[in-house]
Structure formats: structure tokens, C-alpha cells
Amino acid sequence: MTRFHRANAKSFSDANIIVMGVPDESRSHATRKGTSTAPDTIRAASDESEFFVRDGKLIPTVPMRGTLEGKRIFDAGNVQRNAVYEQARKIVEAGKTPVTLGGDHSLTTDILKAAGSGRKLSLLYFDAHPDFVSSARNYYGSVLTDSADYVDYKKSMLVGTRAAEPEEIENAKKAGLAMVTPIDITDLGVHKVAEMIREKVAGSRVYISVDLDCVDPAFAPGVSVPSPGGITVADLLYLLTSTISSCDVIGFDIVELSPDYDADGRTANLAARILTECIACLKKSPS
Amino acid sequence: MTRFHRANAKSFSDANIIVMGVPDESRSHATRKGTSTAPDTIRAASDESEFFVRDGKLIPTVPMRGTLEGKRIFDAGNVQRNAVYEQARKIVEAGKTPVTLGGDHSLTTDILKAAGSGRKLSLLYFDAHPDFVSSARNYYGSVLTDSADYVDYKKSMLVGTRAAEPEEIENAKKAGLAMVTPIDITDLGVHKVAEMIREKVAGSRVYISVDLDCVDPAFAPGVSVPSPGGITVADLLYLLTSTISSCDVIGFDIVELSPDYDADGRTANLAARILTECIACLKKSPS
Amino acid sequence: MTRFHRANAKSFSDANIIVMGVPDESRSHATRKGTSTAPDTIRAASDESEFFVRDGKLIPTVPMRGTLEGKRIFDAGNVQRNAVYEQARKIVEAGKTPVTLGGDHSLTTDILKAAGSGRKLSLLYFDAHPDFVSSARNYYGSVLTDSADYVDYKKSMLVGTRAAEPEEIENAKKAGLAMVTPIDITDLGVHKVAEMIREKVAGSRVYISVDLDCVDPAFAPGVSVPSPGGITVADLLYLLTSTISSCDVIGFDIVELSPDYDADGRTANLAARILTECIACLKKSPS
Amino acid sequence: MTRFHRANAKSFSDANIIVMGVPDESRSHATRKGTSTAPDTIRAASDESEFFVRDGKLIPTVPMRGTLEGKRIFDAGNVQRNAVYEQARKIVEAGKTPVTLGGDHSLTTDILKAAGSGRKLSLLYFDAHPDFVSSARNYYGSVLTDSADYVDYKKSMLVGTRAAEPEEIENAKKAGLAMVTPIDITDLGVHKVAEMIREKVAGSRVYISVDLDCVDPAFAPGVSVPSPGGITVADLLYLLTSTISSCDVIGFDIVELSPDYDADGRTANLAARILTECIACLKKSPS
Amino acid sequence: MTRFHRANAKSFSDANIIVMGVPDESRSHATRKGTSTAPDTIRAASDESEFFVRDGKLIPTVPMRGTLEGKRIFDAGNVQRNAVYEQARKIVEAGKTPVTLGGDHSLTTDILKAAGSGRKLSLLYFDAHPDFVSSARNYYGSVLTDSADYVDYKKSMLVGTRAAEPEEIENAKKAGLAMVTPIDITDLGVHKVAEMIREKVAGSRVYISVDLDCVDPAFAPGVSVPSPGGITVADLLYLLTSTISSCDVIGFDIVELSPDYDADGRTANLAARILTECIACLKKSPS
Amino acid sequence: MTRFHRANAKSFSDANIIVMGVPDESRSHATRKGTSTAPDTIRAASDESEFFVRDGKLIPTVPMRGTLEGKRIFDAGNVQRNAVYEQARKIVEAGKTPVTLGGDHSLTTDILKAAGSGRKLSLLYFDAHPDFVSSARNYYGSVLTDSADYVDYKKSMLVGTRAAEPEEIENAKKAGLAMVTPIDITDLGVHKVAEMIREKVAGSRVYISVDLDCVDPAFAPGVSVPSPGGITVADLLYLLTSTISSCDVIGFDIVELSPDYDADGRTANLAARILTECIACLKKSPS
């Protein structure tokens, strides 16, 4: 099995951060296939692009912000699609932080159900798409609809949105769910957007979902449903690290990598980098 | 008795926001006297500068951000210096928000003691001075020292600081208390500073204390201990309203107005304006 | 008679810019009196603060942006309050640009009526107050209401607003009239606000009215109805000069100076400076 | 024939916006060929990347700013290179807005000739190159020279320029034509640049030409003459949408897509996105 | 004699920074008199506004940036106007840094002559006025003209300029001397201006002259020739401290305080604060 | 031999800027090979992407900032790896500016040794990696360690760093070497970073080394050791041109291009563009 080389804990019980993969794309409608191979591709990309080998020693690179010191990370391997909820519940109930690698975006619904523990969460959803379709259900395009019982829409935000269907816009408006497009981010600047995010989620437990298609295809060509006009990697990393450093983030996922359409591992390496930078900014244990 | 005309509640029990004055300067060392007359001066300034009279009707102006609708404000009048703690405790225990008009800055210690209810608070301290002296105690220059049991220094911030004694700098460093000078605010920009504040106090209950000397003497000549090089009123109002709108603010005070040194009511009017804008951004009831 | 020393044209017919004073405060309700002495005070302030005398020669200072070269300015002196409309109509029909010094703000209504020539204008209204009262009429607080026939509200903007009555807010909302407070200007930054202004007035003929109370009392203590929390002079000058340089501005006025409450001529000198900088950015002839 | 799926009008007369393609590269000197296939490639890209299919229904995505509601768009198909002027004249005379898909950049000259209707236009030219060669004529590198009779250079601007010949720089200087490089945009920030554009074109009718090589090759690899150091897609979309929303834009074109050099449709999808976002910000009918 | 309380060195030879006063206004043409009393007023203001007294001990405040540790400051008292050059030469030849308190601005000419040691200096001139008159000489309005032999105009800059005579503008243009107005500073932002300053003086020895009239009269009412529309104190302090921290600054002066026109010591306190913050950012010994 | 077409000098002695290539990758540990072919690839890319051919004439494009006029450039061809120090010394001793095209990054050590002429230099190191390994030596990963005798770390800066080993972070900390990550650049903005650079190197002679992996792989896929999360080309070009225009830059290099992994010449064209823009901003002769 491919292993996440940043994982430094021997066992589930020894860790405070649990990484798992969901090698499944059964609830995707995309014409581009292959996201089921993503979890292992990201692990391998981390191995390759975030470590140097010298004199037979494996040397890790250091994250830009935050730290990996004191973080005990366990890679729980891959789980079946229908076991996602149970596994996430186990992680959350053990007081640990779930970090999930998709797979298609539908898995987020199951994590949210497990992570909320009965209380609604704030959701930060970095995605070109709102995934708020209601005319179809239980697939990668209806995550927000399917998660209605677990998410406090008024304390949540869509970031990087730029390819929404009319019914999604209407659903977001009705739900009071805020949306920030890439043009908005250019207009407002990252500090203002970071401020808006914090204001929005203030006082809540926060879950972050990163659909890699939120960034521009120039930076992330290997995704299931690419959309032009995306945000830059620098803006994404700033928003993620500053939010995780200062808000009560209880878990996150990275989804929709489609390795077959990647250019020279660029998107996979980016996924691995997001994974590391986000873990480095997490608190040691969730609240 | 001068009354705060924004006060719209008939009784203490009917209100969720309680305004009180502390007409006392016994713990000030300033050569400029007169801050004991400030509470009533601020009430009168609000009456004069925030209301228009037309056809015998008193017409209030509307705050720039937030709203006064749904806020039930009671003016509990003035209290003796030695009754501050008791009165504040009564307000907090009744689940109401204390808003206090000084008087010298020492009163903040008593409010913090009452407001924390046993748990340490985040403190945002807008002041030209750190008020963190430890070689003297129980006066307007040792508020931070005297409040050690009620404040989580690491989740607090001094804003607008520019006239600190060496021992205050040292005390702040030891305590891990962050400090942002007016030059820093110019350097970083208000959005970044607002972001830093929110990051600092994330997850905590927050108390805000506004020493009017934080702004430049051009805007606030009527204070006990003026210091050149202060922040602008626009920056202050932005930082206050954006913080109160998004953080869990449980009370605030406005202190150190010295009416005898004012120019044409400029500082008193400003105090009244800060009072209104802050109340307008408060949540309806404290958490 | 006090003369505006920048006036370099011999006669009305020789000029393309006509300055006139309106020494009248009969439609003011302010408790602070004296704005009827303002036109001559501004002329004298220009003389004193914008010219140097050396070896018996009067040497003018040069504006920061734009130029006075090619501008032919005639000072038509003071006019009676009830002659304002006629005088303004004469200026506009002769293809010249009216520049008016108040006096109370009510004069703007008469200028707008004359300047529009039957077509509605865009109005940029720099003022702490919206002056959009409708429960009283024909005074300095109802300029926007009284000018309904001459102003296209949807292409106009209130700038620096911070002391509005509830009915004014409602009237603005109904009319689709945009409003930018001083906190908004700090939040958005001047470039974004300048952009919003230009977007708003695009394609229209624009009239600008500057109530000196739009800036903070620190910069302009000598006004009829001061209000704390105003914009800075630097922001005002940037917004005025950049707008006049790029939009189709057909006239402007400067009103509400109250010399009796001034501090050492600070507000009068500022009025003179605004007058010069705005004239310097005007086109040679109105469109 | 490939059809632009956003086209919702049944006939030319029924529409206010007319899209046409110019599948011609006869006046290009580029070594990279293929721009004659671009119009249909962009139509297909729009179909594929801006629509979702679900349950047999075609569902359009919603633009980020502006709206498509009330826009009646007719796709007039492709026209021969020598019919461009006539077709554009027909569109303009019918009071409709021409939107043209190149083809090589030379077509812009014919549109400008038709669109001006005898009065010179403001031209915003987003291009890595000034296309202001005068030592050769009537090709994709001499658009500005060839359009001298139709363009008011002093009210026009080159944006994103970074690969100019010496004679082009000289021609621009002589003509008083402003130029903003990608380094300038980074230096000035997008709000300032948007402000400069509006200032430049104030009061004029504006035509916008988008050579896709204005953005960096990372975002648009599939162009005829790529040049490193381009602007970001986010900056381009901000500048286009904010300008179209607020200025009197009477038409635009998108040119120089070279599909053979594209990477996985990235540039074609971007072209389609620019097309949609620009149409959404157009006024309903040209002035 | 009034003494600068920050002065901690016993003797001239013991110090690396020498403060001197020039109580002379004989070369001023201002109608406002009194700048000859400024040096002692600034010393007294520093004593009063920058020190606290507690339990009989004098406690200094700490500068915002830089440090006073390791700085050995000697107050050489006041010198006659005609001894300025000699005294400055003595300081410079001893390898020490001259810090001078005016007095009228003409003294700067003598310091520049002494400080250059035969090589031309970069001059940063913070002033509402260019002081570049050439039709009169040897007075406070011709400093730049009189210093032609000591200043490299092309590597110098006027900052805060807003009240220039036509001949001064012409002289500056001819000399290649850059000028940044307060509107420019608002337009460009402080970081860009700081960058431009550093670029301008790169590689040169720099002298800084601060005419207190560079800031707005709201912040500095007590100056000889006030001019509306000035920069803010925050911008001034940022530009001074960032420049001194990073460039090769070999001396500075603070001039034109007119105590008789001050409001409650505001300008004098500001002068003292500028003095301290600038000294704190100086290198220990000049290069 | 491939020639750099910008080279306009006939001989070494005739030139003030000397370009040389180092076609060597013997001290690289990268798994991606091919950087030894980079010097000629960059020359060819410049020829192709920075020149137009028309009517048999070769027409150069003009740089965005700075100028090539008066620059006399000689292309000294390629040198063996072990001759780099000698060749660089010859250039420097002749008072000329060395511009070097790698090859692996280790060559920088030899240039620094030659260029310092015995005095330590300021080094600006644009690189995803610190290249400050000390557990191995004399390779592309230990440039900073190997150059300890030639570089004043405290006056140097790493820019764009994001893939550092723990020992590199430690070495940088110990040495007092500043580091700015891509997230920092997004956070601080380019003007602040440019200011920090100038502050850091003030008064020193500066050498700049550009490892192409500093920019994001979207812009520069063709490098030996790509790392996600890089800076944008626009930010790089702004920082390079503004620094070279204002600091005492005595030479620079561009390294680590790996043509085999490039996409359609994108990285090579970028290298050529960096080369031209940097030369255009150089002073005519080094100090």
C-alpha cells in the first residue's frame, strides 16, 4: 500500500490526526474519469515532491506556515465508499481530526454527517461549483443539499465559485449561503476575504472542503470538471492557512483530483502541498 | 440627571444592554483633571450631536453599520467607584451586556473581574499606553497588571500603543501580549489588523476597552494624557465595528475623556459616536 | 468687495468659469450661525493662504493636480438668495461653469434646477448628512427631496454620510440612491471608491456639492453642523480631483462654512484649497 | 454548423446582441497556424465547459457578474473575411451590439470602421502586442495603424502590452496612446488600473478587443504568438467586467485562439468564459 | 537652560548623536512669528509628553520602532545663527550625527554645506513648500536654491509638497528633482512611496529635513506657514522610520514650529515625538 | 554556436555586460536531467520569442521597464564548469557585469567568489529551495553554505522559498538570513516586499540569482526540481526590475531550466524574458 510519508504515528490510538483515502468515483457524473485513483496518487506525490533523498536518508521539507512538530499523524489507508461515515464517526468520537483524500466530492456529505456530532457545522467550500443541485441527489453535485442537516448555511461560505447552475444560485440565496467568486477575490483582496471568512464562521466549529477545481486550470489541470477563471494557488494557500490558524477547524478534505488529466504531476503535487500546509496549521487536537 | 437619549428601555430588567457612568478619577495620576465629569458630558454630547430637533420632535441619527433595532438599552445612571464591581456583576449575571463610561481607566479592572465569571477573557485594549505598569498598582496605569486573573494575555491585544514605559514593554513580552502601534497599522493596513485581531481572539469571549487617547490628539484633544502620533478615527471605527460584528464581544467601555481640555466638544462628540456605533454592532444578547 | 484673487477674467463674457457667492443662511436650521459670512471669508482665505507676497508682487501657489492655465475665471460677486436660480441659469446658458460658495446648503437646489437644463443630472453629494428629509421642505436638510426633478438618483451618490435620519435612509433606499460612509471608504480604499463613483455617473453630466462637514471636525471645525468620524482631507481631495479629471463635471459648490467656529482659519483655508484644486481639474468648457 | 448555445434569439431582428465568427487567418504572419478554426472551437468549448447535461436537459452555468436575463443573443454564424465590414455595419445600423470571434486580429480594423459610424471610438486593446506597426500594413500587426480614422488614440489604451517593436512604441507615443504593461498592473493594482481606464474613455463610445495572448501562456497556451510575463485571468476578468459594467461599450471581439497549440482545451474554455462574462455585463442595447 | 531629557551623554566627545537648537527666525518672511522659541519648546515638550514621573523617578517612554539603546546623545544647547555651519562641521568631522531643531528653515542650508564634506548629498525634504525660490535668496524660501552645491537634486525628493510657486515648480523640473504631493501619497500608498524614496536615494548619503508644515494643520496647527491638505502624522512617521532604518541617513532637522500658534502643545509634542522616533531608527554611527 | 541575439557588442573589451553560458549539470542531484542544454535553449528562445522577422529584417521587442539603449552586451559563449570562477573574475576585474545562464545552481558559488572581490556581497536568492544544506557540500543544494565567505547573510534574502529541509531552516536562522515565502508575498503585497528587499541590501553591492523553480510550475514547468505553490511571473518581474533599477546590482544568473520537461517552450521563453528585462534595468557599468 502507498503510504503518506508525513504519517509519523504507529497506530490510530497514538495519533491526533487521521488521514484516510476514499478511492471511489461512483457518485461522479463527470466525463473525465479517474478520481478513484487519486488518494494513492496524492500519497505518492507527497513522497516524491515533498521529500528529498540524500545518502539514503529521506528528508522532509518544512511547511511554510504552522508546524508539523507535535502533530501525530496516522494514515488509516483507504476505505470503501459505504464505510466513510462509520470511519469518520470513529475518528471524531475518538477526539481526532479527520483528513480525507477523495475520490469524488460526494464523500464530504458523509464526513459532515459524522463530524457534526449532532450540532450543525460551518462549512468552507473551496470549489468552482456550488454543488448545491437539488433536482438530483446523492451525487457529487448535491453535497450542499444532501448535507442540509449538518451544515449551518448562514455561517458557511462558498469560495472560488464560478460555474453555478441557476437552481444552485437560488438554493444558495434561499439558504443565506454566502458566495465569493474569483473576480470578487481579485476585487476585495485576500485580507478582506480572510476577514469575511472569519467573521462568517466566528464561534462555530468549521469544516473545510477543497475541491481542487477551485484553482485555475493553469495550476490544476488534473481535475474532473475544470473551469476557467479560477483563483491562484497563492490566494488559496493564504486563505487556507490563515483560516485554519485562527478558526476552530475540525477536519478537512481534498477531492476531485483526476490524475489521468494531470500535466507532469502538477495537480497531484499541489494536492500534497495543500495537505501538508493545512495539517501544519491545525491545532493539536480538535475542540 | 443627564440621560443617554439612545436608552429606550424602561427598566433594568427590560433591557439587554446596560449603560452606566463612573464619575470618578481618584485612581488617575494625570496632571490634567476632569475625567470624573466625562460620563454626563458624553450623555449630553450624544443628545446634542446625534439627535436633531424638528417641529418639537427629537429625531435620532442612524448608525453607519449594525443597527439599533431590537437593542433594548437601559441607562442605569452613575455608580460610585467602589460599587463598579457589584453593579457589573449584577449586569453580567442577568445575562446583559455592560457598557461603561469613565472616569479614569482603572474601572476596567473591576469590570473585567465581574465580566469573566471565573473564565479568563480576551481583552482588546485601544490605548496610547499599555497600562501594564507593575511597579505601582491599583491605578489607571496598571489595569493590565491588576487584571492578570481575569485576562488571557495570549489571546488579547494592545492597539494604538505608542507611549509605553520600559517595564510595560517587558511585562507585555513576558505575558505574550501582542501590541500594534499606529505605525504598524499604517504599515499593515486595516484589513490585515482586523484579521489579526480576529485570529487572536478566536473562540474566546472578548471585552473591549477604548481609552480615547488611542486616536490622535487632532481628533481627540480632550483626554487626560494625550500622545502624538495616534490612529485616525476612521481606522478606530473600522476596527471596532468589524470586530464587534464578528467576535463574541461581551461588553466594552469608553474612558479618559477630559472635557476641560476639549475643543468645542470634538472629543465628547466622538465618544458619543463610538458609543452608538459599538452598541449598534453588538449582538442582541451576550453569549 | 472681497475678490477671489484666482479670478483672472475681466468680465463675465470673457470667462469660462464663473464664481459667485451666496451670503445667505435663511434656510438653515443650525444652532451655529454665521454661514452667510462664508463666501467673503473663503475669498479672503484664498488670498491669504494661497498667495505669497514678495517684493510687492502677489505670487500664486500652483494646484497639486490639473492646471489653472487656460482657465478664465470671473468672480461675479455675491448674489441674493432669491436670485441664485436666475444667475445660475445665465451662467449655464452662456456655456460656462458655475462655481458657488455658500451660504447654507439649500442653494444647491436652485443651481441643480438651473444646471440641468431640463435633463436630470448625476449628483455627487459630499456631506455628513444626506439632506434627504421629506417631512420638512425647502431648507438645507431637504436638498435631495427638493431637487427630485433635476437629479437622477440612481446615477448619484452620497459620500461621507454618517449622520442620517431614519426617513432619509428610507428615502435614499426608495430612490435607489447609493451611500458611502467614512467607514466604507476606509474599508474599500480610495481607488475602489473612485471607481464606484465613475461607474455610477458614467455617461451623465455630473454636479458636485461639497458640504465641508463631510471631513472630520479635526480638519474642518468651522462648520454649521459638525459630526465626528469624518473622512480625511487627503481622501476628499483625491476623490474630487480624480472624479473631476475624468467625468463630465458641469459645476460644483462649497457650502456650510461657519467662520465663527473655525480654529485659526483652518476650515476657511481648506475651503479655498478645495476651490482651487477643483477648478484646476475642470475641463476648459462644460459639455 | 456549430452553434453558440448561449444564443437564445430566433433571428437577427429578434436580438440585441449579434455573435459572428470570422474563420480566417489570411492576414496573420504567425508561424503558428490554425486560428481560422477558432470560432467554431470557441462555440464548442462554450457548449462543453459552460453547460451541464442532466436527465437529458442542457443546463447553463450563470455568469459571475452581470446577467444574461433580458439579453437576446443571435449567432449569425461565420462570415467571409471580406464581408466583415458589411456585416458589422448591418449590426450597428440595426442598433445591435457586435460580438466577433476571430480569426486573426486584422478583423478588428473592419469592425472599428463599421462601429464608429463616422465618429471616432475609444479602443481598449488587451494584447501582448501593440499591433501598431506602420512599416507594414493591413495585417494582424498593424490594426492600430490601419484604424487611425476610426480610433481616438488619446482616449484609448493598450493593456497587457509586453512585446512591442521600437516603431510601435514610437507610434504610440506620437499618437498619445497610453500603454499599461503587466508589470504596471502588478505595480498599480487592479482598482487603480480600472480607474485609469474609465478616466481615459470617459464620455466616449468604447470598443474592446481581446487578443487572448494578453494573458500569460500558463493560462492561455493556445495562441498564435505567445509571450511570457502576461497578466492573470483574474485580473483580465476583473478589468473587462468592471469596464463593461460602467462604460459605454458598443461591441467587443476575442481573437487569436490557436486551437492546435492548446492544452486540453484550456484556452478555448477561457475564450468561452470571457465571451459569456462580457455579454453578461453589456447593457441591453448600445447607445 | 532647557535640556533634552533623552540626552544621555555627558559630553560632546562621549556622544555619537549631537542635538543642537537654532533659536533664530531672522531669515523667515512669515507673518506668523515665534519660531525662534521653538528649540526650547520642543525640549520642554519632550520632557513633558515623553516622560512620566512616578515616585520621584523620571520614566522615559519607548519609541515605536528602532531603539534608543546604544545611542549616546548629547544636547549641545543652542547656537547662534551664524555659528551653525561651524558647529555642524565640527559634529560631522568628529564622525557624529547632527540633529538640529529650528528655527526658521534657512538653517538647513548651512547644515547641508557642512554635512556633505565636499560630496553632494541626497536630500529628503518633507515640507508643504518646495523652498526652491530663486528670485530671492538666503532665506527660508530658497533653501534648495542656496544648497545647489551640496545637494544631488536627481537623487533627492520633496515630500508632502502642496503650496509651490510657479518658479519653484520650474526650478524643480529643470533640476530633475522629484516631488510627491499629499494627493500622490493617498493615490500611491505608503509602501510604494517608501519604495520610491529608497530607489531615489540608493547608494547615497541622505539628509532629512522635516518642516512641520508638511503634515495637515489638524495635526500641526503651530507652524509658521500652515497649508491645508497635508499628510497624516501616521504616514509621516512611517516614511521617516522606514527610510532612516534602511538608508544611509547622516543627519536630520525639525524646523518651523511656531509655538504661539499651537493648540495645547499639540505641534510641539509632535515635534518631540518625531525627534525621538527618528533618533531611535538612526544607525549608531554615520557612515 | 547559438548566439544571444540581444548581444550587440563585437568583443569582450567593447562591452559592459558579459553573458556566458555554463552547460553543466554535474553538481545537480535532481532526477530530472537536462539543465546542461539550457544555456543554448535560452539563447534560442530569446531569438524566437523576443524578435520578429519582417521583410527579412530581425526586429527586437522592447523591454517593459528600463532600456537596452547604451547597454553594450557581449555573448562570451559557453564555458566549462571548472573555468567559471576564472571567467567571472576576468569580467569583474575588467569592470563589467557578469550575466550567467546555467546549468545547475552550483555555478553561483563560483560567481559569488569572483564577484565579491574580497568584500562580502548581498545576495538575493529567488528559489523554491534555500540551497543551504550543510550535511552535503559542493552541489546545487549547498550554494549558500559553500558561499559563506562571499556573502553577508544578514544583508541577503531568500525569496519564494517553499521547499526547505529542516537543516536549511536552522542554518538560515543561525546566519540571520531572511526568508520570504510565496504565502508571505501574497500576505505582504509586492510593494512591501520590494521595500523589505531594498532595506535589507541598502548600502551593499548586490548579486541576484534566479532559480526558475521560484515561480509556480504553471508558469515554469521545465525546471529540475519543481515545487507547487510558487510565486507568479508578474510578482517576480516586478521584484526583479524594481530592485535592479534602484539597488547596486553587480551581476545575476538564471539557472535550473530543464528543457526536456518544458511545455511548448514556456519556461525557456520566460527565462529569455527575465534575461532581457533584467539587463534593461542594469546600470551601464557596475560600481
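Chains here go by letter, A, B, C, D, E and F, matching the order in which they are written, and residues are numbered from 1 within each.
Methods note: contacts are C-beta pairs under 8 Å (C-beta built on N, C-alpha and C of every residue); 3 or more make two chains touch, one makes a residue touch a chain.
From a predicted model like this one, the values you see are computed outputs, not experimental measurements.
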| field | For chain E, the least number of touch steps when starting out from chain B | value | 1
| note | Contacting chain A as well as chain D are chains F
| said: With a Cα-based fit, what is the angle in degrees between chain B and its identical partner chain F, given to the nearest 5? | reply: 180
| field | Inter-chain centre distance, chain D versus chain F - centres from mean C-alpha coordinates, in Å | value | 36
| CA centroid of chain C to CA centroid of chain F, Å | 55
| Quick one: chain D and chain E, Cα centre-to-centre, how many Å? | 53
| request: Could you tell me which residues belong to chain C and also touch two or more other chains? | output: 187, 191-192, 216, 218, 232, 242, 263
| said: So with touch defined the way it is at the top, what topology do the chains form here? Options are line, ring, star, complete, other. | reply: other
| Can you list every touching chain pair? | A-B, A-D, A-F, B-C, B-E, C-D, C-E, D-F, E-F
| message | With touch defined as at the start, can you tell me which chain A residues reach chain F in the complex? | response | 49-50, 52, 54-55, 59-62, 64-65, 190-191, 216, 218-219, 232-235, 237-238, 241-242, 263-264, 266, 269-270, 272-273, 277
| task | Under the touch definition given earlier, write down the residues of chain C that touch chain B in their complex. | result | 29, 133, 135-136, 141, 162-166, 169, 181-187, 216-218, 221, 226-232, 261, 263
| query | Quick one: in the complex, what on chain B touches chain A? | reply | 189, 191-192, 194-195, 198-200, 202-203, 242, 245-248, 287
